[in-house]
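Note that subunit A is present in both complexes that follow, paired respectively with subunit B and with subunit C.
So, the complex of A and B:
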């Protein structure tokens, strides 16, 4: 039974993917159970640092129903994976570097047998002293995570200085200084890492996986398996959430290896929630020390920032995360003298990797709370201080890049300044009932788009008129839930003049769609739509010309209408199905490659920083406002109102844009108030969603979103990315509101009742504020 | 054991171990993959089904507990000709992003509307508080339930 397809119109709901998801019909990677299915799973280390002396696999191998038990020696290609640095073993061959490391892989007939076989594997591990603190990791004599590396535990160090650097602080009328400690955050996407794979009789391996990066995965998995990439087909259905956690290989290499040993049968691997939390990457815990100076009027003069990210045992994307943090460390302000210094440090803790925001939420937390300290010191209104220093188009940003494109921060500040939640803030604070304290905090943030100057930020779009006269849009970049695939369909419909019935979508598939990079970095719609619009336009022009030829007319007389090309003067139509029959498959297909522009400035001569993405040229901007109410008895801080005003260029789909803002803010409020994954002794303290708490429907305030549109010349229809700007601001906005309520900043996030209560009690002892 | 129950309005007979998890029975044996699994421990609500009209977590139920009962999964909510009004409302209100929580959310909302046809925003939030969503921030889900109930922002 099929339902009538809802109308398709750019700018209007419903999202084209919504109804299939709401009906349970959409098939995610985890929803496939092909006949003859085998199950694969891994034995994890469970200790943070150890030498692997041996594995006894005999009992597991002897268990009936076990197809294969595999160890490092069974990896046919290179037993190292990683996006930038290949430093992570698929299966441990020498030593364990974190408790989630995989030691052995089992393939079995069913889940129960798999679990029994995994339990029968005996490991011989010689414990090594772990290194668990990123600052201690840099001291001489610290245990080394990768002893072969000449830089020791330092994954990447970066420095950007402008003007006189930190020396300029000497000449400042006012200098404030603060330190910040930010937690490890778990992605907690609902669909845990999974996929299924099968080796075909033709010697080709097909894999369906929940991933943000099918094309890059293909290259990585091919190298691990020792196969030509052409022998791998990766298919990426809609993800059940990802947020950066599926940027890079999760189960794919293991699953591919399992498929090589499955005798041609399909193999499935699906991490439990516990295993997902144990093994997956997280938002980097960070320590930051800031010194910010201004003149006596509040004009920012100098900033010194010291940034340490705990990147865990493997690079993953840790170097790139640090570099984006470094680039954004000084916030969206004019500051003539900066000295920004960052280090990403290996430890035996959980892996630090990509998570929505990608290093920016940490530095925004530090910069924006330091801005409020400065405002307090100067006796200036926090909004006024930001207004005075806000970057505008034509300015040079703190790392030395001229902002030649849309720069709408000032407009965002004005939108907040004129909003009820800001104007009524003093009255609202004053009306706090007994036992409650209230504060209203701001944060101004920016977020760069794309991969930076070295790694080509490319998309390849393809649009085809099928033999049946339907337009097929080949989407080369994953939709992990943000709705870009539906927007692509709408954009194609807009150019080609078609309704829903005339359009089909092909989700990423390395055999069918073209490589278009990752679904990440606020670049997904920006980059792919910039390829798609010209592809659709080229196909349209070709079809109009060929239809005109067929009707002895000129292309200017023709129009694409739903299902047909019409000769406008005569009203004669040529159905698309008929036109398609007159064309070769090549003629019915158009492709377009787009590479995002890069800026010519080089804030650092260090090629490693450039490779990792420094600098960017296009930024989204936002101002966040949080109203916070603190219970003096319990220390519970509740956010009772939230506002975000954001410049993301032109907004193509207002509802989809608001989904991104609200969703980003919701995750950011979790980060601010409740989410924290400590790893004492290198073990995640929480391994389930009953103890690692994320916001529920009862935990979030109304989240008001104001689009402050600008026109981004480089963007498709003026658009800029909007996927991450929502998560950059909640923590500092809440922190600043709390500071107003408590009379002091809390150095450590999240702002749990315990930490708030301690600050209140210190006040009670007469420490003052 | 041989198990008889009503599944999405159809009398159903299956043979399975009595201690098979219902989420596995539904997804793997019966192909109803609209029932999602995201924690396996009763923490997230993604695997929610309605058992005699009451939301239950299928990852915490064993097959034998279905005997003689009425089970509704997301696949059985709509009549066949068109989506259920709640599904329409979820799509229209922007309540669906990655969509992995959506089947459980829709069923939890359906059960709420059956007992409270005019729920307040707070009542809806309470009814779906056991269903985690990591994408939306929940407000558009609450909007969707209000839309399906025919309530506007001005109604209380």
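So, the complex of A and C:
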């Protein structure tokens, strides 16, 4: 591999992956077409709840060009998958639990034959009453998604109380109350779910898939296929977007099953956009009810939060989403008394799953809009209210965890307070032209990193000096587009004194790289870099020592420079290629395992909540500001200015950091303004991106990103995660801006022109009335 | 396999049409390819029209008329000086049609032939009272656009005919030419409501003629004649526009769909008139 640009220094652009991606040279999983390729696809249920009485596969099997038609009985291992609870069938064996359920798998010679064969499959489905509303799902007598479960439709329930809990609201001078209804959001990654797989003559199955979790996938797929995990090799190229939607198996089990029946030929499976929208997981829709109380000075005293997440038919990390939501439900404030209660509920709707933010955008939407209601009630400036309640280092957070690490919220608030977009807000609002209304809204948010106290949050890094004298970085964690792989190269280059041409990257491959957890949870760079830096350091020390031995010098006299080790006093150099020849392969390699620290507090004695991640110890913080203009004739709300000031610890690569902020804000503005996937009767209302709208460049304002760096002691070079803090704030910031413009909060998101116009008209203030 | 035929002239086109009955015409393909992929159409052949140069003509050779060739892309029209100078109303609509990529690919003839009530060029052409020229091997005919478009996806085009172009009368200088599209985002969004308005004012600021055409609020573009009538002889102020807006809301017949409710469309169809208000001098 040759890098087209020589410059590769930590803290400076360009991203090492940029040119190959922009020029189309980089190969994503979907770009592979090995010779002799077969195509696999599935027949999906199309109904939300039904008993599977039978399948007639004969006509499909008889079609020329069809290699195999498979059903549940053909799954050799356990026909259930899932990350926490394995409750999702690979192929339906008893009943359909949502419209996207897979009934039968076809392997065929080409895509047209595949489509014809799928159409020839006859299904015999006995309709069952679906359960589509999460609150109704908890009522006695509701249809049960998993009748065998003793908890009925409740996937997980959690409660955290501190102080006197909700009872403390009685003693508050001011109490505000509000309800919020948040939509189902589609990930809409550019690269839909796909992969290809082949059973080798050696009996090993190789699979290349678009995934965030190759090591976990290997275990899951092995269990489904009844194979030893060692017989599976999973390879994870760069993803064309994932955002949580590939945190877990998508096509992998089906693809593995297809490969077992492909006679050794490679098999490809690639969901169309329509199939992706039908079958993939989404951001959980949520309903929240908040009661927040303070004293008459605006010091927060008590919060009661009631949260319901619609988790759909399967546990696609829904319990973990609920738990992270609970932990973040009270926002980044000191609140001595809280009563936080949440439920993740099974329904026959599309799967609620992991999605950037992971339960936090929903609770941040509720908490931050409730904060503005309180500010209005108290007659306080919303920034001032946040300032006086903001968590600082050393505080106990609302769920009872001492913040011993970096806590930069107050600094973010100061950065916004001093910024032109905030200081000029009153003048800007007053200058609204006739027929328009303007508002400026804030949201303060936090986001925890990693898996919490029970599930080991581990990375294993490996760095090798190759026989050719190049350093090869074995990256065990996926780069789904966020740029972490490039950061890893830059970090290795920093420690090892090398520029781009002296460094190579190996992307995740279960045969070559070491297990390193998922690319998720704002933990990717934090955890892996904490393994990589010591590995690179160990290799460096060994190389300096061995070079010193060779030159009859001492290690302290040696320096790693691009392509060589130099004896500093004499200027003599030993090329790395020559040094490599003096070393055994073991000596040329260093590895390091890192496990993220956990905090000792246990906000809940419930082991399920601990397993699902409560609590975290390291948080990033941000303050978001949105300027919104509302057109009185159409109700169209446009965000015309945006600012986010974020504490993500030290910023190693400003370009990658800004891209993460901008991407998170953009996706969050889509969530605020237009993204919504209703599922009347359990069917996604939108089938493609012509009607499921995500923002275009013209819908987004300039997004100003201010880094407010702190030093995170536990982080690699002081870094904290920055992948999710950008998406937690846009919806409440826009909601608060709109409330300022309209004089009232809108309970239901997204804030579409129709909802905004109706609010204007109910006021009797709409210009058209 | 489905044949794809690429005639280079009308002379080459006519025999191909005779030999391939039921063939679909393709200019830019921005509608047809989507419908093919969705399986909504399955024509026995496709006849590509992009090789027929005369379909792309734009000229003002006939006095009082501007001719817009059916094969002209939206971008070509948008950038054409005649369109910019003489048809600012159409230019405003073209500027917000689809995206730059769709505008490069899609054509005026395609927008006419697809006959969607949301077609962005259609409400301006209704307001301009354009005529559509149809050609066949044996002749040509011109229809008022309102007679050419019969309903959603339905036109008066007959077997053996193609859409040759649109003739736009240049008789009047309008005091005000205004187009507004309400979509759910700023690009690549189908209109939820659109308004094309041409207003002629006398020296005293009183409305002499008003033409209004609304998209996406009925099976075809709607000309709200009562609202137009109500504006005559009145100043273009909020009071008269509000009165006309009430009439507009009665004259449109929108439906609910996943993009917007009928109620919203009706409301906004009227509201958009208020954008025409001019401060009294």
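Here is the rule we use: the second predicted complex is superposed on the first by the 759 of 769 C-alpha atoms of A that agree within 3 Å, B and C clash if a C-alpha of one lies under 4 Å from a C-alpha of the other, contacts with A are read in each partner's own complex, and residues count from 1 in each chain.
Just so we're on the same page, contacts are C-beta pairs under 8 Å (C-beta built on N, C-alpha and C of every residue); 3 or more make two chains touch, one makes a residue touch a chain.
Just so you know, these numbers come straight off a predicted model, no measurement behind them.
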Practice prompt. Have a look at where A:698 lands relative to subunit B and subunit C in the superposition and call it first, second, both or neither.
Written response: both
Worksheet item: Does subunit B (first) or subunit C (second) touch A:674, or do both, or does neither?
Response: second
Discussion item. With both complexes overlaid on chain A, does A:548 touch subunit B (first), subunit C (second), both or neither?
Written reply: neither
Worksheet item: Looking at the overlay, does A:656 come into contact with subunit B only (first), subunit C only (second), both, or neither?
Response: first
Discussion item. Tell me the contact category for A:634 with respect to subunit B and subunit C: first, second, both or neither.
Written reply: second
Worksheet, complete the sentence: Across subunit A, the partner (subunit B or subunit C) reaching more residues is B
Worksheet item: After superposition on the shared chain, which partner residues are touched by A:412: those of subunit B (first), subunit C (second), both, or neither?
Response: neither
Discussion item. Once chain A of both complexes is superposed, is A:752 in touch with subunit B (first), subunit C (second), both, or neither?
Written reply: second
Worksheet entry | subunit B/subunit C common contact set on subunit A | 690, 695-698
Fill in: Residues of subunit B touching subunit A in the complex
27-28, 31-41, 43-44, 46, 73-75, 77-78, 80-83, 86-88, 90-103, 106, 124-126, 128-142
Discussion item. Going by the contact rule set out above, which residues of subunit A touch subunit C in the complex?
Written reply: 435, 633-636, 674, 685-686, 690-691, 693, 695-699, 752-754, 757-758, 761, 766-768
Response to the item:
Given the complex, residues on subunit C that touch subunit A span 34, 99, 182, 184-190, 192, 242, 245, 258-261, 264, 267-268, 270-272, 274-275
Worksheet entry | Sites on subunit A touched by subunit B in the complex | 1, 3-4, 6, 13-15, 17-19, 21-28, 30-31, 33, 187-192, 238-243, 272-273, 480-483, 655-656, 658-659, 662-663, 665-667, 688-690, 694-698, 700, 702-703
